[in-house]
Each structure stands twice: as C-alpha cells, then as structure tokens.
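Each remark here refers to the structure printed beneath this line.
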Amino acid sequence: MSGPIISARKLGRVFKVPHNGRNQNLHAVSELDLELMPGRTLGVVGESGCGKTTLNRMLLLLDTPTEGQVLFKGQDCATLSPEARREFRRAVQPVFQNPFSSLDPRMRVGQIIAEPLSTIPGMSRQDISRRVGEVLEAVGLRPDDARRFPNEFSGGQRQRIAIARAIASKPQVLMLDEPVSSQDISIRAQILNVLKDLQAEYGLGCVFISHDLATVRFMADDVIVMYLGRVIERGTAASICTMPAHPYTKALLAANLPPDPDAPRPELPPQGEIPSPLNPPSGCTYHTRCPLRFDRCDRERPVNYPAPHGGTVACHLFDPDLGR
Amino acid sequence: MVDTSSHVRRSGGGIGAIYRFWKSLDWPLRIALALLLVFVLVAVLGPWITPHDPLKGYLRARLLPPAWRDGGDWSYVFGTDRLGRDILSRIIAGARISLTVCVLVIAIAGVLGTMIGTVAGYFGGWCDRVLMRLVDLALSFPVILLALLLAAISGPSFTNIIIVISLTLWSQYARMARGETLKIRNEDYVDLARTSGLSDLAIIRRHILPNIAPALIVIATLQVGIVIVLEASLSFLGVGVPPPAPSWGSMVADGRSYIASAWWLCMMPGSAIVITVMAVNLLGDALADRINPALRGRNI
Amino acid sequence: MTVSETLPLLDIRSLSVRLGAGPGSPALIESIDLKFRAGETLGLVGESGSGKTTLGMALLRLLPPLLNRGLSGQMLYQGEDIAQMDQAGLTRIRGGEISMILQDPMASLNPIFTIGNQLKEGLRLHATQNGSLEERAIAALESVRIPSPKARLHNHPHQMSGGMRQRVVGAISLTRAPRLLIADEPTTSLDVTIQYQFLELLKDLQKRASMAMLFITHDFGVVAKMCDRVAVMYAGQIVEQGPVREIFRHPKHWYTSALLDSVPTLDQALDRLPTISGSPPAVAARPQGCRFHPRCPNARAKCLETPPIAEIAPAHDVRCWFPLDGKRGAA
C-alpha cells in the first residue's frame, strides 16, 4: 500500500470547561494535519498543554474530534462500518505511559495480553495461548510469565507486558504515549531498544509522543513539534534536532541537558511561562516567550512557511515576503 | 494458561481445597465462619430442632428466666416470653425468617444498586444525572411511609418487607458502585480494552465489576445488621413479618417493655443479631482482602 | 576559604539506615561517607530504590519511626552530630541551617492558605531583617523572579503553574537563609523549558547566598549543569564519587559508565542504545558482594566479595575490584 495508514485533516478538539462560573472553550488541538506512512515513525514533541495527549486519544478513536477528521487508510473514521472499525482496532494499538494503570490487577498476564485477540474470529484457545507465548518472548519475558499477576513484576517488566499486549494482534501501527518517561534510566534504554527491534521486525508504523527530543531523535523518522494545540514545526528527526527553525524548538533543544559538564550555553535559552490553553495569546501563541518577536507576532497568526531544513515552520521570521 | 479455568480449579477442588482454605484462615475468622455455618444450619433445620412450638405459649410458664438463673427451668434454656413461649425455639424459628430476609434483600438491593451505579459511573453524562437523581429520591423517601403504604394496599407480608427494605438500601450500593466505577474508568486498562475492540458491556463485566466488587462486598456485610434492625422496626410497626411468626427483630421489639424486669426477652435475640453481624463483618473484611490481588500475589 | 577547607560544613561518616534497629535487618542505605564544603553543590544520582531519597530524609532526621530506629553512623554538621541531636537542636537545624525542596511543590504548600500567608509565616520566625512583613514577602517573591509579586501574594497555590509553585517553595526555603539546601528531584514534575529556568534560578540563588546544595536526581543532564561533585548510588551504596568532570569523562565504575552511555543524546543517531541488563534489585533482594555484579559485564569470582570504596584518583573514589580505565566511549 502506498498511502498513509493513519492521517488527520484539520483535526481539532474543543473542550467546554467551567471557568470563573461559566463554560469556556478550551482548544486542546487546532487545525492539525499529519500523515503516518507504513513502517515510519512519527515523533510528536511538546510540553504540558500542547495537546499531545488529546491528539493521541483522537487518533485512537477514544475521543471524538470536534473539527476535522481522522482517516484510516483514506476512510473517515467517523463513518467507518462496524467491520472496518474492528479492522482499525486490530491494526492500531496503544502503549501508555504508566504501566501500573495499564494492566488490570485482577487479570493474569496471559489474559491481559490475550484481550485484543478475543475479538478476532476463528482463533482457537491454542492459537491464542501460542501467540501469548510468542509475544512475551519477543519483548524479552518468558512464556511462563503468562500465569502470573501484574503485581509480581517491576515497572520495566510491566511496560514490556504492555508492549507484548500491543503487538499481540499483529497491528500495523503502535501509538506510543511517553512509553519510557515513568521508567528508570537503566530500564529506558532497554524498552527503547525493544520498541525499535519490533518496529524493524514487524514493519510497524509508530506515533511516538514525548517531551524529550533526544528520545524522539532516537526513535522517530519524522517529527512534529506542538505548542498550545498547534503544530509549529515539522521535518525529519535529524533536521529538527540539528537545525531547528522555530524559536520554540530551539528553546526545547536548549532545555535538553546533555550529560556533559562542558556543554556550551545555548544561544536562545527558554524563558517565560507556558500560557494557559484556556486563554492563549493572540497572533503567534509563542510570542509571549519568544526572544525574537517583532511587531507582527502578536497580531497575526503565522502560516506554515517552508523551513531551511526542508520541512515547514509556523514563524513569521520565515515568511519569504519578510522585509520586502 | 490464558483462560480463567486454572484459577477456578485452584480455588474449588473438593475437600482438599476446603481444608487448604480453612488452614489459611486465622482464628477469629474460623470462629466467625463456624458460627455462621451453625446459624445457617439452624435456619435450614429450624422446624425439626426446636424443643417447643415457637408459636404456642403456656401462660403458666410465662416470663421464666433462663435456666441458669433462680427460678429457671432447663426445658426452657433461654427462658420464656410474656405469653410463655420458649425463647430458644423462637430464636431458631426466627433465624430462618431473619436470615432469609437478609439474603434476599442484599441480593436484590445489591444487584439493582450495582447495576444502576455502574451504568451511571461508566457512561456518565445525562445518564449519570438521571440515575443519581433517582438515588437522591430513594435516599430522601420516607421508608416508614412507603412501608405503611404498601401494607395498606396489600396487607403486611413477607414479600412487602423485602420490597420495602430493598428499595431503601439499594441506593448505598449505587453510590459506592458509581464512585468506584469512576475511579476504575480512568485507569488506562479500560481505555486499552476499548482500543482492543471490547464492547462497553464486556468492559464492565471483565474490568469494572471485578474491581469494584471488594467495596460492594464490604457494604453488603455492613448491611446485614441494618437489614435486621429495619426488619425489626417494620415488624414493630406491624407492617413487617406478621405476628405471631417470630423474627429476631420483632422479638427484640416485643421484649422492649420488659427490659427492666425480664432482660432476657431482648438479650437473647439481641445476642443472636450481634453475633451474626460480627461474624459476617469479619468474613466480609477477609473476603475483601482475599480478592485484592495486591495482597494475593504475595503468597504465590 | 581556608576555614571551609579545613572543616567541612557537613561530614557524613558510615551512615546506615536499616529497616529497624537490629544489625541484621535489611539496609536501605549502607556505609555512606560524604563531605560537603560550604557553597558547593553535590549531585546524588541513582535510580529508584537506590536510597538517594532516604539519605536526604536522614540528613534532616525526617525518617519514619521504624527507619529512625535503624539509623546509625554520624552526620557532623559543623562538628555537631545530627544523628544524636535532641528535638530542640533538630528544630534549630531544620528551621534555619538546612532546608529542603521536594519533587511535588503541592506537597510543600498548604492549599487553603494564600502564598503570602505561607511566606510570612516563615519570615516571622526569622525576624532578622527590617522592613514590614509584606515588603519582605514581596522581596522574597521578586528574588525567585515571580512577575507582579504583589498581586501573587494573594494567590492560592492552585492558581499558579507548577513552575511558579516550585519557585514559591524555593522562596520559602530561602527565607531561612539556610547553609545547606537539599533539593530532592525538584524539577521532575516540571516541563523541560520550565525546568531549565528553575535550575538557572537555583544556581543563581545559590551563588548569591553561597549555600551548599545536595541535589538529588536521576538525570545526568541536570547533574552536568548544576553540580561540582557527583556521588552515584546503587542499591544503597555510593559506588563512585568525584568531581563532575572526572566522573563524566573518566567514569571508573561500570555502572556509572553504562548508565551514562544508555542515555540517548541529540547529536548522534544510533541504531541501538547500549543497555544494562536486568533491573535494580529490591531492598530485600540485594545480592552479596558487589551489589552490581549480577548486571555487570565484567563480573568475576572476586566480585562475590564486597569491594571497599577506595580513592583511585585525586578526590575520586570508586567501589569496584576492577575499575575501568581510559576515557568514556573508548571501551
């Protein structure tokens, strides 16, 4: 297949939240476009309030967009037939951040992993049992572990179980929402390697959501950077990390502290608070924190301009007509 | 093993399993369990083991004290009431009525309340609002009035008392079930079940109900006492189990006016109530711990 | 300068914390030796369960009763042993000499009082400066760079962002002008761009107040930015300590080296990350001998004996029978 497995078109989600006694609109995600090609990994980077979790939930059909659409192999997910929806459920599997919340404490590991298989018609008990053993081995656990309960495992092992469950139904896409940020450092590298091996072995497409650019660099082919619900820069992982265009991306890179006491001071260190998504700044939403802002930034929202690294960037500094 | 059968097999395998279960209990629990078994046995065998007819009194032998007191008679071990009826026989006969009311009420109120609370908590939104207003209604509705109303329409009966008490108590389950469901619904494994294509009904059955069960079991055990007392007050008002049939509650109520001169009228059925309630509560606590896998995993 | 060199501000000698008083009870931390000089920042790095938080709590004697009974060793603060101190002494130390910032700012702030209230409470106890309480509270907020401090005094904690709250906690700790600040993962709950700014602020404040700091973290990047010296903890012991450059350039312990290698970095695209096999042991399941040997690529028979911590280079101690030599990345 040549087209994207999952794509989003002008995707938006507005929540009504009570604020100061009346309902206010919270734009968690606005006008978001993305395409996930088979076998590619798309990194989504952003801090709290950037909408990455809402995006993840919409792409998993756990939340309904209020604007735009999510497409599965070109079909609008809002109008999928029950059959196509079942196919979607098998093809797209998530791994969440907290492995303590993602495993039902009352079920055995085997039952947990088998759950996505229970909706597949024509799988016998032996088939399921064999598949559970296979995926447990694929993530570096023993097939016997299927008999045990989640509370007998450490956090790292639990995350491996969650990954085993995600790949059990032979999905085409994994949606990974901060899968290592609750883990110890010596465990993070193990989990990342497992994920990378699985990507290669099964040709999985992945959406990898994280606040940490270095981890995204390791995992992803392409990256989108989000700020207050909007994509502000997109490009390949290498280009975003080596020649970022947007001042916010530069701030994110500067805030990534390398394990090196002699690292040079960044040219644009981050400043200012993240504004409340309930009351986003006018114009370019980053202008309140941007050291390079000029008079146009608080008046006009920047569109996506071509960036020097070949991607796009939503910043007036890259307007080709600037200074003309 | 992927299915649950291994688990079932482990816990239910004939006499050996029962023995292992017994060995795993500590002493207070064993006593509680033994007492409850005795009460249940008594309730079942009632008519065959009462020493006297629980309904027939001998006025010559009225208000006899328990056998070990001055003036007591060993053929009336716990003494007699104001009509000369044997208290032990009435407690035995009352066990059947009181325990049946308990079991039926808790089953009906539990199922009804859990269903409503779980649905309200899981689906939320308007469904939650409507169902919770229903709960508020049930909480604010005067029990006695409802009982009198029902009694006026169809006369006092065993069925009425079960309906009335169930209608009073289901709201507790509903509130607890809703609160616990709200907690569980936010766990990631519920979202994961949805992304695996499980239906809402399947999610409630597989994930929600097993995880909210411990809290509900604790409520059920706490309610045993409430049911007995409610049944007593309703019987006292003449809208419960119709006299002369004995229930523990109505016996206590009957003896109330003799509390100064003949304490045993209240004390004997009262003790039966206290012992039952305590035994059930002990068992409920232990059960709640046992189905909590965080504790269960330790001995594997 | 000469005084601080001769007498350390805080001298920890063979500090252990066990689960209860018996010598056989399992130890959360064991035989810790550490020295703080005035104005210096020491990074304490380790994974969860390594005992780094226990050590921080022990320094202020804030351990739960069971662990407090299992406390042994010495913590000499300017010659006075905190481990033997009575309640009055501890109150003096906690109130003025040593302050603490915890990971979750909400846990340190009372949600029902305004931050002005909570600041003034601290200021009232330390009536050293002149000026009204209000003015001093505003100055304290200004010192942690909170914009429009006057208005902020009337805010409740929940009305502020996480980064803002953590700065308020910092302001409250600093009203006491402590000589030593214990910061236990103070930025873990913050966003990265906010973390950066908080670290800058903390470094700046520390320089101005010339206080010593114990910075507890799991993040080597934070250590590199903040610390003069590092101590690496594994399974309750310090396995390596030394000057920050020395540790990052020439780690001698296999654990330190492997941990440093396993962190993904921005400037290199790798296919796989070097990993440490297994996971850190639970307190009750710590192995005999060298605690790291079951996960160590270089473990030998000798490693079943407990290695001593030994000075291998100037001011660089390591707890390993077969320490690494050479530069990192060369192996």
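A, B and C are the chain letters, set down in written order, and residue numbers restart from 1 in every chain.
The rule is simple: a contact is a pair of C-beta atoms (placed from the backbone, for glycine too) under 8 Å apart; a residue touches a chain by one contact, two chains touch by 3 or more.
A quick note: this is a predicted structure, and the numbers were derived from the prediction, not measured.
Novice: Determine the groups of chains connected by touching when chain A is not counted.
Specialist: B | C
Novice: Among the chains, which one keeps its Cα centre farthest from the Cα centre of chain B?
Specialist: When every chain centre is compared against chain B, the largest gap points to C.
Novice: I'd like to verify one number: the distance from the centre of chain B to the centre of chain C, where each centre is the average of its C-alpha atoms, in whole angstrom.
Specialist: Chain B and chain C have C-alpha centres separated by 54 Å.
Novice: With chain centres defined as C-alpha means, what is the inter-centre distance between chain A and chain B in Å?
Specialist: 50
Novice: Express in whole angstrom the distance between the two chain centres, defined as the mean CA positions of chain A and chain C.
Specialist: Measuring from centre to centre gives 32 Å for this pair.
Novice: Two or more other chains touching the same residue: where does that happen in chain C?
Specialist: none
Novice: Which residues of chain A touch chain C once you look at their complex with the stated criterion?
Specialist: Touch residues, chain A against chain C: 47-48, 154, 156-157, 184-190, 192-193, 196, 211-215, 217-218, 237-238, 241-242, 251-263, 269-271, 273-274.
Novice: Note which residues of chain C are touching chain A in the complex, please.
Specialist: Against chain A, chain C makes touches at 47-48, 161-164, 191-197, 200, 218-225, 244-245, 248, 258-260, 262-267, 269-277, 279-280.
Novice: Can you list the chain B residues touching chain A in their complex?
Specialist: 1-4, 6-7, 187-189, 191-198, 206-207, 210-211, 291, 293-294, 296-297, 300
Novice: Give every residue of chain A touching chain B within the complex, in rising order.
Specialist: 57, 60-62, 85-86, 89-90, 92-94, 96, 98, 101-108, 110-112, 114-116, 118-119, 125, 128-129, 132, 146-149, 151-152, 162, 165, 169
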